[in-house]
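I have a structure I would like to understand better, so I am pasting it below and will then ask my questions one at a time.
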Amino acid sequence: MNRAPIVRIEGVTKRFGDFAAVDGVSLEIPRNAFFALLGPSGCGKTTLLRMLAGFEQPSEGRILIDGEEMAGVPPNRRPVNMVFQSYAVFPHMTVAENIGYGLRVTGVPRREIETRVARAVAMVRLQGFERRRPDQLSGGQKQRVALARALVKEPKLLLLDEPLSALDRKLREEMQLELVRLQHEVGITFVIVTHDQDEALSMATHIAVMNQGRILQISDPRTLYERPRTRFVADFIGQVNVFDARPTGRRDGIVRLAVEGLGEIEIPAEETAGEVVALAVRPEKVQVRESPPPPGTLGIEGRIGQIAYFGDHSRIFVEAGGRRLVCIHHNRSRAGEAPLREGESCYLSFRPEDLVPLSS
Amino acid sequence: MAERRSAPGPLDYTRRLWLRAWLAATFLFLYAPIVILVVFSFNDSRRNIVWRGFTTEYYAKAIANDSLIEAFTNSLIVAFVSTLVSTVLGTLLALALWRFRFPGKPLVEGANALPIVIPEICMGVSLLVFFSSIGLMGGIPWPASLTPIVIGHIAFSFPFVAVVVRARLEGFDRSLEEASKDLGASEWQTLRHVMIPFLKPGIVAGALLAMTLSLDDFVITFFTSGPETITFPIKIYSMVRFGATPEVNAASTVLIVITLLLTVIAMRMQAPDRKGERR
Amino acid sequence: MDSWRSAPWVFWTFLLPGGLWLLLFFLVPLAMVWVLAFGERAGPVEIVVTWTLDNYRQALEPIYLGLFWKSFRIAALATAICLLVGFPVALAVSFAPARVKPVLLMLVILPFWTNLLIRTYSMIAVLRTKGYLNFGLEYLWTGAKAILAPLGLGDLLGERFVPLSLLYNNTAVVFGIVYVYLPFMVLPLYATLEKLDRSLIEASLDLGASQIRTFFAVIVPLAWPGIVSGIILVFIPALGTFLISDLLGGPDSQLIGNVIERQFKAANNIPLGAALSFLLLYMTFLALALRAWLAGRRTGRG
């Protein structure tokens, strides 16, 4: 089995005028990955995707797909297909004509087109809709047409540009599962662009977080969530409590930090990458309690500011030492137990190993 | 966007050389004749073909030509009155068609579309027949003698205004009108304070179009001007039939400049409103 | 939308001025011409309506039918040229960067603000025997001669430059129509291309279609409404033109417009002119019906 990455991006920069939309990006996309480019709007992820498709040319650097240099190769000659954000389903063709279009224009024999289209239609579960026109389809169905139309070409790489952003929430969750199923089924590398962290976390095998044209971190979803490396990544994915920190010393593989609000803390050096500027802890690792924390855990004294009730859990905002911290409280209280109230004083506690060091 | 630094994308059609050449050639085709006309109005030669030096002699001649000046004045009067009336008629009709449903509405809509689509000559001859039969062609003193021309210009201009204003009305949120009435405004106050301000860009654009159509027209004027009425196109037409002379160039240049000037003024009037709209 | 009964006063104030104007100064005059087409001349200016069909019979004689056919051919040719020239222009304008687009659009619209007569007149100086086009051709001819002469090929181009007769013939009329009506073709094309979703073109390229294939399989079908509008906007005025053929055409460039004009202005055979005008109108309606049918067919499919 071929272990070489399917995509290799080497030092790619894309400038529009003086503005660098993509700024010196290098990355590799492994074969059969479900690769997500995640970032806020305007971070350059769509530009990067469009360079893979061939709609934009890099100002600098090079892109290799399956070992082949892509510079100067127009989109119609690339082994890559795309699912557009607006779906871009041709309004003047039927569902079957849309799905067969890419085969027709490349001279695939008619019989073969028919069988492949039929297979693609079955794959996205659109049987019975072959003769429909796009204006008779729902958003989710158009999405499926766009997917089938790209997959029927059996590309080496399927690009998806914010494919779920136009769907309502329920449909979106359904399509997330569907996309993962399809990816397993066809074994094609998927590259998806999204600004929705939940989407990326639940679908992707690899996530690259981008901001201001640069890649900040590439990890699997769990590592990305549990061990973010920078303040931006920690902040962008999920909620987080951040404590500013300053290194004061280092010995025997231990880094000593002066942490705002927590005092001196020591962490293993192998967990840090670069200069540590802050420590973070996820809200679900923080406990609210009425009594001081047990030994071996870190604690802060504060006052409950606000409680947002979500049924199974509550989000509790605690004012502690001039800062506002958040923690998740699971509502498992039994009858007779007094619920937490706003304005009460309390203790927040968490284990030191749940603190994640962040660099800038 | 200065995308000059990187290779063109597949959809940057405007950056393709052949398309640029095509565009340049087309604009050359559209503009060269007019530029030549303007340039040679300053040429010191009756024979209009080789440059012999700069002169404004033909402008002096054009100004001294009383019938040319008369023709000019007439054309401007026609354009002014026709624009004014067309704008009012067109706006009202657009409001009627937009707001009300009534029996025979498709007929009114069809009648409004017809002057826009039928060949001008058909409209021209019908107006000629109409005005002759009611004795309005000839034998009446100035400026009443311009009446048939003005009526004709209004008849083919205001349907255009109606179309432009109605297009603008499509973007109107009727709850604004309802809010105005809910707050106690009458029909007319609502029209005056809510509808007209919203429609203003459309009305100005319609008026601009009406003025352009009037100044641009030859055919309707040709058929509706009586034997004694001279308007600018008619005057030029008779001069051209005698042969192309620098005076014709000079007079044409003046009309081009006036039209452009009026257009720029009208657009300036429109511009601040556009900004206000974006707020 | 309100019923007119909900505010009859408002309704009538809105509707009456324009409605009456259309009725009085557009529909009534047209109806008069329609009636006159069934009239007979009973004196130098007097016409009696006898509901005769002679005028239509005369208008359908080969000489006038031939004129209609010729007008149709010239208008169709000019329209085709406008489409061919205008499509790339519209494409270039609608895909231009945001900064230059308004400028290009302005350049397309600007000729509208020049009087039809002046534009037609300006063509004369370009096309006549001693005009600028021949001037340019002579310049090229002299250059070519200078290059070819040393090679012993000088005779290939003839002794002297023979100017082409470009003015006062049918070619000049087609040229003039294209010149005057080209913007009418470009604008509706631009309007549809502007609205066209760019990602559809990208999708076509992405699926492996070449640029040319994409043009015919995606851009043209989706720009179809604009193409039809452009054709109508150029074809109908071209069909009825009389000024362009009058000023630029030769003795054999008489079009139906010129004949109608002559019946009303000079020959004074108003009944025949009326019949001819209405035949022209019927042709127009046919073209409009064709457009509605074409548009309906496309939307029915798409």
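By written order: A, B and C. Residues from 1 in each chain.
Here is the rule we use: a contact is a pair of C-beta atoms (placed from the backbone, for glycine too) under 8 Å apart; a residue touches a chain by one contact, two chains touch by 3 or more.
Everything numeric in this text was worked out from a predicted model, so none of it was measured.
Chain contacts in this assembly form a complete graph, since each chain touches every other chain. Contact counts per chain pair peak at B-C.
Annotation: 18 Å between the Cα-based centres of chain B and chain C. Separating the CA-averaged centres of chain A and chain C is a span of 56 Å. Contact of a single residue of chain C with at least two other chains is seen at positions 202, 205, 211. Shown for chain A are the residues that touch two or more other chains, namely 54-55, 74-75.
Those residues of chain B in touch with two or more other chains are numbered 1, 3, 10-11. By the touch criterion given at the top, residues 1, 3, 10-14, 19-20, 22-23, 26-27, 29-34, 36-37, 40, 48-49, 88-90, 92-93, 95-96, 98-102, 108, 111-112, 114-115, 117-123, 125-130, 133, 151-152, 154-155, 158-159, 162, 187, 212, 215-219, 222-223, 232-233, 236-237, 240, 244, 248, 252, 255-256, 259-260, 263 of chain B touch chain C in their complex.
By the touch criterion given at the top, residues 197, 199-200, 202-211, 213, 217-218, 221-222, 298, 301-302 of chain C touch chain A in their complex. Against chain B, the residues of chain C that register as touching in their complex are 1-4, 7, 9-11, 13-15, 17-19, 21-23, 25-30, 32-33, 36, 85, 88-89, 91-93, 95-100, 104, 107, 111-119, 121-126, 130-132, 135, 179, 182-183, 198, 201-202, 205, 211, 232, 236-237, 239-243, 247, 257, 260-261, 264-265, 270, 273-274, 277-278, 280-281, 284, 288. Residue ranges of chain B in contact with chain A, taken from their complex: 1-3, 5-11.
Interface residues of chain A facing chain B in the complex, by the touch rule stated above, are 14-18, 54-59, 72, 74-75.
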